[in-house]
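Below you'll find the structures, each written out as structure tokens.
Shared between the two complexes below is chain A, which has chain B as its partner in the first and chain C in the second.
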Partner chain A sequence: MSTRTKPPAPLEAVAGAFLARYEARPEHDATRARAAALFRAGGLPSPREEPWHYTTLRPLADAVFDAPPADPAPLLALLPDIAAARLIFAHGRFRADLSVLPTGITVRTGAPAWGRLARPAIEKLVALNTMLAEDGAEIEVAEGVDAGTLILASLATGGAFHPRHAIRLGRGARLTLLEVNIGTGAYLNNPVFSVSVADDANLTHLRIQTEAPDAFHLSTLYAEVGAHGTYDSFLLSLGGRLARMEVHARLAGEKSAAHLNAAQLLGGSQHADFTTVVTHDAPSTTSRQTVKNVLTGRSRGVFQGKIEVSRGAQKTDGYQMNQALLLSGEAEIDSKPQLEIYADDVKCSHGATVGELDPDQLFYLRSRGVPEAEARSLLVRAFLDEALDPITHDAARETMEGMIATWWEQQTP
Partner chain B sequence: MAAVPETLDTVQSVTQSGYKWGFSTDIEMDLAPKGLNEDTIRLISARKQEPDWLLEWRLKAFAAWQTMTEPHWAKVHHAPIDYQDLHYYAAPKKKPGPRSLDEVDPELLAMYEKLGIPLKERAILAGVEGAGDERPQVAVDAVFDSVSVATTFRESLAKVGVIFCPISEAVRDHPDLVRQYLGSVVPVGDNYFAALNSAVFTDGSFAFIPKGVRCPMELSTYFRINARNTGQFERTLIIAEAGSHVSYLEGCTAPQRDENQLHAAVVELVAMDDATIKYSTVQNWYPGDAEGRGGIYNFVTKRGVCRGARSKISWTQVETGSAITWKYPSCILQGDDSVGEFYSVAVTTNRQQADTGTKMIHIGRNTSSTIVSKGISAGRSDNTYRGLVRIMPRAHGARNHTQCDSLLIGDQCGAHTVPYIESRNRSAKLEHEATTSKIADDQLFYCRQRGLSEEDAVNLIVNGFCKEVLKELPMEFAVEAQKLLAVSLEGSVG
Partner chain C sequence: MLEIKGLTARVEDKEILKGIDLVVPDGEVHAIMGPNGSGKSTLSYVLSGREGYEVTGGSATFDGIDLLSLPPEQRAAAGLFLAFQYPVELPGVNNANFLRTALNAVRRAHGEPELDAVKFLKMARAEIKRLSMADDMLKRNVNVGFSGGEKKRNEVLQMAILRPRLAILDETDSGLDIDALKIVADGVNALRAPNFSALVITHYQRLLDYIVPDRVHVLFNGRIIRSGGPELALALEATGYASVIAEAA
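So, the complex of A and B:
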């Protein structure tokens, strides 16, 4: 019998490279060392694990991220034209020179903002982030303060980086956080967010993921909402070669609410995965989700949404709607809405539909003189409207609608 | 709702609480020694005087099984199963295969009488007394532990060319048919429990409906586990040739025992062009006691393939029994324009666990499927719907509609929904809806106000909740199923 060792599987090689990078760090504090031990034992997620059933990180093995990072300043032009303070991160590092600091919000940068919600022992990408995080923003809005709008942007031209952000809203505080991810070239952006919304507070989190076509975007967000508080989020996912946006929202206080709306627009051979877990842990909590997918080319869209209702979380009201439009013969949608319920006095439902543009609707518009291309565009916009509707920030909504229009033009030859 | 007063009568007529099928019958048994190895399989094969090809097939399955591990993805928990601590063959001592009903052990006949399954060719399933003289006829195959003890109406079926007999007999009398189709839908290595079944299956029913024949009566198999420390591994194979039609019913019970017993069956259905198979199950294995002691582990693989164009397979199940249910009756929609249906009611109470659902695999063009699942959880039970709808790239115009509803009774139970929806064809249209709720206070109030007791009110509402599924059952079974629902939920209110 030969004793040759098996060559490492492609993903093991990628994990090995991350570990080597960790070993090369000058110091290994306890937090990172614990995460490194977890990552060494667990490696990267594989499709054999149920939460990764539809998304494989295998393409990471063929990607090269070692291009020397270039000057990110030109990317600033791509930021939404919204008058607001901005925190700019380039390649995972805070850039004070490019940022405009807000007033009325406490911001600390220069080190990872670990937060207290992340679970590196469960989410493997969070172990990876914890092991290699260099920087992040700790954003704090004090009790009762309405802090307006803040832009948090990630710019990149290459490399692999793991920003670690924490956002904390005091009792009754309000904030609109506009998160933008943009770049050029090939890179890996693996951010982790820890979001706590205290009682009566309200965080509106608008997220734009328009990474470069060769980029990987793997983000994990944990949110915890206190009594009468709201975490209200909308994700527009357009970019990247492979994107996985994972959200764990826990409704911890009575009458708290979470909205996790999203639109994934994909073309070419893009793969995007929106995975959410909403945990109703207190009575009379509400969750709402409208997730829309528009798929062209050979793209593949994934939506996994789980509503968990803990024992005792009576009067829970959970609703989730997930719809997909397949506009080409080779696109694929995989959807797994999921209910896990341990309380009896609840109202939970989900719905999912998959199909192409309704020929009757097309015919209706054509018969009224609307050219086919325009009719299709109208119907796609109408399809997305339901997810965009809850956005109350007019300027952000306009920006996103503009991005959707540009995307659509690129898809139609 | 004309059925309501009758339903309530039925409910009231069931005064006995608990599991009324829990008696055991003392019958002299021929048991294989405990344990599972190649010798056990050779012994089973020898007892059944099987041809060599079947023994080889079994051994191949056994080899596959040994390389596999028990699946743990379902939302169920149980102590590890000791596969070496079971008898894999148990048969009533008597010469196998009685020529006529007169030769059947009177003890056995009495037992089936007690179960309401009279093995006499005049009778029908219990439950619909006074249905007039126009009683539908039902052919019954009775499987007792490992062997089939009687099959009724065989001659009238043979006249139209329908073969309905124990599968062990089919192996002997129709070897080519069995060899052609056995394992063609559920291959020996399909999954852990299917591999185990393929290695050690002992009996089950075989039905063959020839071209263009509409089977003149319902076919049914009644399964009974009786012996202690046995596993039951039956195998059912139904083949519907082009243009034929058959409706098949299956029922099952077991004695009340403190230890868990394993039931790992495989059912394979094949429907050719324009054929229809309707498969109905009322599953009432012993569910264990209120503390979760005892009960059947029901780990079953059921799959049908719509091989021909315009063929149709329809599964209807009412699951009230078993300590643990792990079962996903599926349809592979291969033929163009073929149709798959799944109608299910699953009730769990006490500490029962059910993880059940379906798979609809759309391969052919214009295939369509419908899924209606109703889960009812009470007590400290867990009830999961797990289903897959997959549209393959060539399935143009495929269509699916899924409706999953869960009803919770009490705040210590769980209801879960885990659908997988995968589409790789843009012209396919899929809809999925799921809801979870409890019995609404205003519904209860309405019934109470009209003088119904709380328990009757709950039964009425539960029956209404399940109506979409129950109406798919053949009439005799629908009545039995309603009774079962009432008995299962007894004591879970208030």
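So, the complex of A and C:
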């Protein structure tokens, strides 16, 4: 009689395939080996874990990423038309031939930029990234330098890749980083970012996630902000079959600030999850999160926002608002705010709203001659305004407005 | 010319309009007066096409066009304008953008070229000045944080820019102080022309001192129970609706 072993659960099979890829690597340095041990023990996140309650990676088991990567150069035409230096990664590898190197910024590529903030022992996807990362950008702006705008783009046509980026702003430095994720076909993009903003420095991080309809985008970003520094981010998430954008921001210095604004625009059977953890670890720190979801079809949006206030972080000012516009009866939003406060003199608020387009507003516009489709478009744009308005980079904002308009046209054939 | 014949309508299960007959020829301003609950606002919503108001009989045509079969935006394109009793706030929509979108939608419907931002702003600023409105009115979000008077003036501004051929003013005087009332009335009077007509719905005679109507109709319990010249409004102010209602009963 033969003994039958139980077939591995679907996600275990996926994890096994990643481990096989790791084993096939020619070298296993200590960093990767530690991550591989963690990943072997922990596997991929499962819905049984609280932070993954609303998002399952199960669809990864049915996805095939083995199409040979094609020439990504045609995708360059999809990049925002903004005059700025650009670091182009294709399938997770830096492409010097497609890039325009910046001046006033130190950039190192050719190996993963590990950074010092990532926690592979806690975030399983970061263990996966660490185990398989091949490349990344280490971006450094020296003390006092205003480095303008830099585009960091990921292009893909297939495969699974795990870029590892580190961004460091010296004291008083400034940078606008425009991150763009685009592609065609089926692929997995699993980047990890380590972002350090020193005292008085200001990083504006504008993130565009417009991955291909069959793509998976799983990103984890860690940020640490020094005294009087600001990490100011806006995420436009409208691509991919499944997207999870996770941000851990620690306000480490007095009067530092983090803005984690986002707009998730989803249709069809898309699933997108924006998960944030903001840790107020110093007095008089401020966090702002305005997250807007516009959901059509059978799409599902998730926002999980946790605000942690440490014992010493008096005068913390935390604000979080998650709003969803459900434009179909089958769309779904899951919203989970969490506050963990260990200081006694703080101001923290959170709220969530879910609704449809307001019929009175629609009628008002139509009574002025605006056709229904245009009126709906105007109201959707108005709904997003609060999240888009704080973007001070005009060209980037216009680019995103254009993407939103195009997205909307695709939803209303 | 607006022609309403035997118009009946209900909201949910309640019959509100019970047979309205009314003709407003081009160039004329007619007032509709009546106590609360008589059907004044329902009439304005039925004519402008708001959802939830079910027409159960009769007709309403404007220059022979069957208004009741058109969606609200096409009624606007046909020249109809409703000044709302309670103008709607549009957070996130800038007033200038709103006005230009509306104007260009109507121009498109007429086969006219759209106005660019520069030409539009020039025109809008001139109207704003004429209506003694604050300059920042164009930059603010539509009706958001506006006082009652500012909201009503914003309705008149929209009317001045869209240049309708038939305006329905639904209690535009409510909540206005006397100065704002004069400004609003001046705005309406400025549009008076042989090809412009208006239906002024009001509870009080006061507005009609400034927008003098050609005809006055008393609406009660879903029907017009009395029509007359401007002197009818004055009589109502003196004696109240009770005597007219008693007479009609």
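The rule we apply is simple: the second predicted complex is superposed on the first by the 409 of 413 C-alpha atoms of A that agree within 3 Å, B and C clash if a C-alpha of one lies under 4 Å from a C-alpha of the other, contacts with A are read in each partner's own complex, and residues count from 1 in each chain.
Note that a residue touches a chain if its C-beta (ideal position, glycine included) is under 8 Å from a C-beta of that chain, and two chains touch if they have at least 3 such contacts.
As the structure is a prediction and not an experimental result, all values here were calculated from the model.
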* Put chain B and chain C onto chain A via the superposition and say whether they clash or fit. => fit
* Check whether A:E50 is in contact with chain B, with chain C, with both or with neither, and answer first, second, both or neither. => first
* Asked: With the two structures laid over each other on chain A, which partner does A:E340 touch: chain B (first), chain C (second), both, or neither?
  -> first
* Asked: Does chain B (first) or chain C (second) touch A:L378, or do both, or does neither?
  -> second
* Asked: For A:A352, is the partner it touches chain B (first), chain C (second), both, or none of the two (neither)?
  -> first
* To do: Pick one for A:R366: touches chain B only (first), chain C only (second), both, or neither.
  => second
* Asked: After lining up the shared chain so the two structures overlap, which partner does A:S328 touch, if you call chain B first and chain C second: first, second, both or neither?
  -> first
* Contact breadth on chain A, by residue count: chain C or chain B -> B
* To do: State the minimum pairwise Cα distance, in Å, between chain B and chain C in the overlaid complexes.
  => 16
* Structure fact -> Residue set of chain A touching chain C in the complex reads 359-361, 363-372, 374-375, 378-379, 381-386
* Asked: If you look only at chain B, which of its residues touch chain A in the complex?
  -> 73, 391, 393, 406, 408-438
* Considering the complex alone, what residue numbers of chain A touch chain B? -> 50, 53, 311-312, 314, 324, 326-356
* Report the residues of chain C in contact with chain A in the complex, numbered from low to high. => 48-51, 71-73, 75-77, 81-82, 84, 87-88, 90-93, 98, 101-103, 105-106, 109, 158, 162
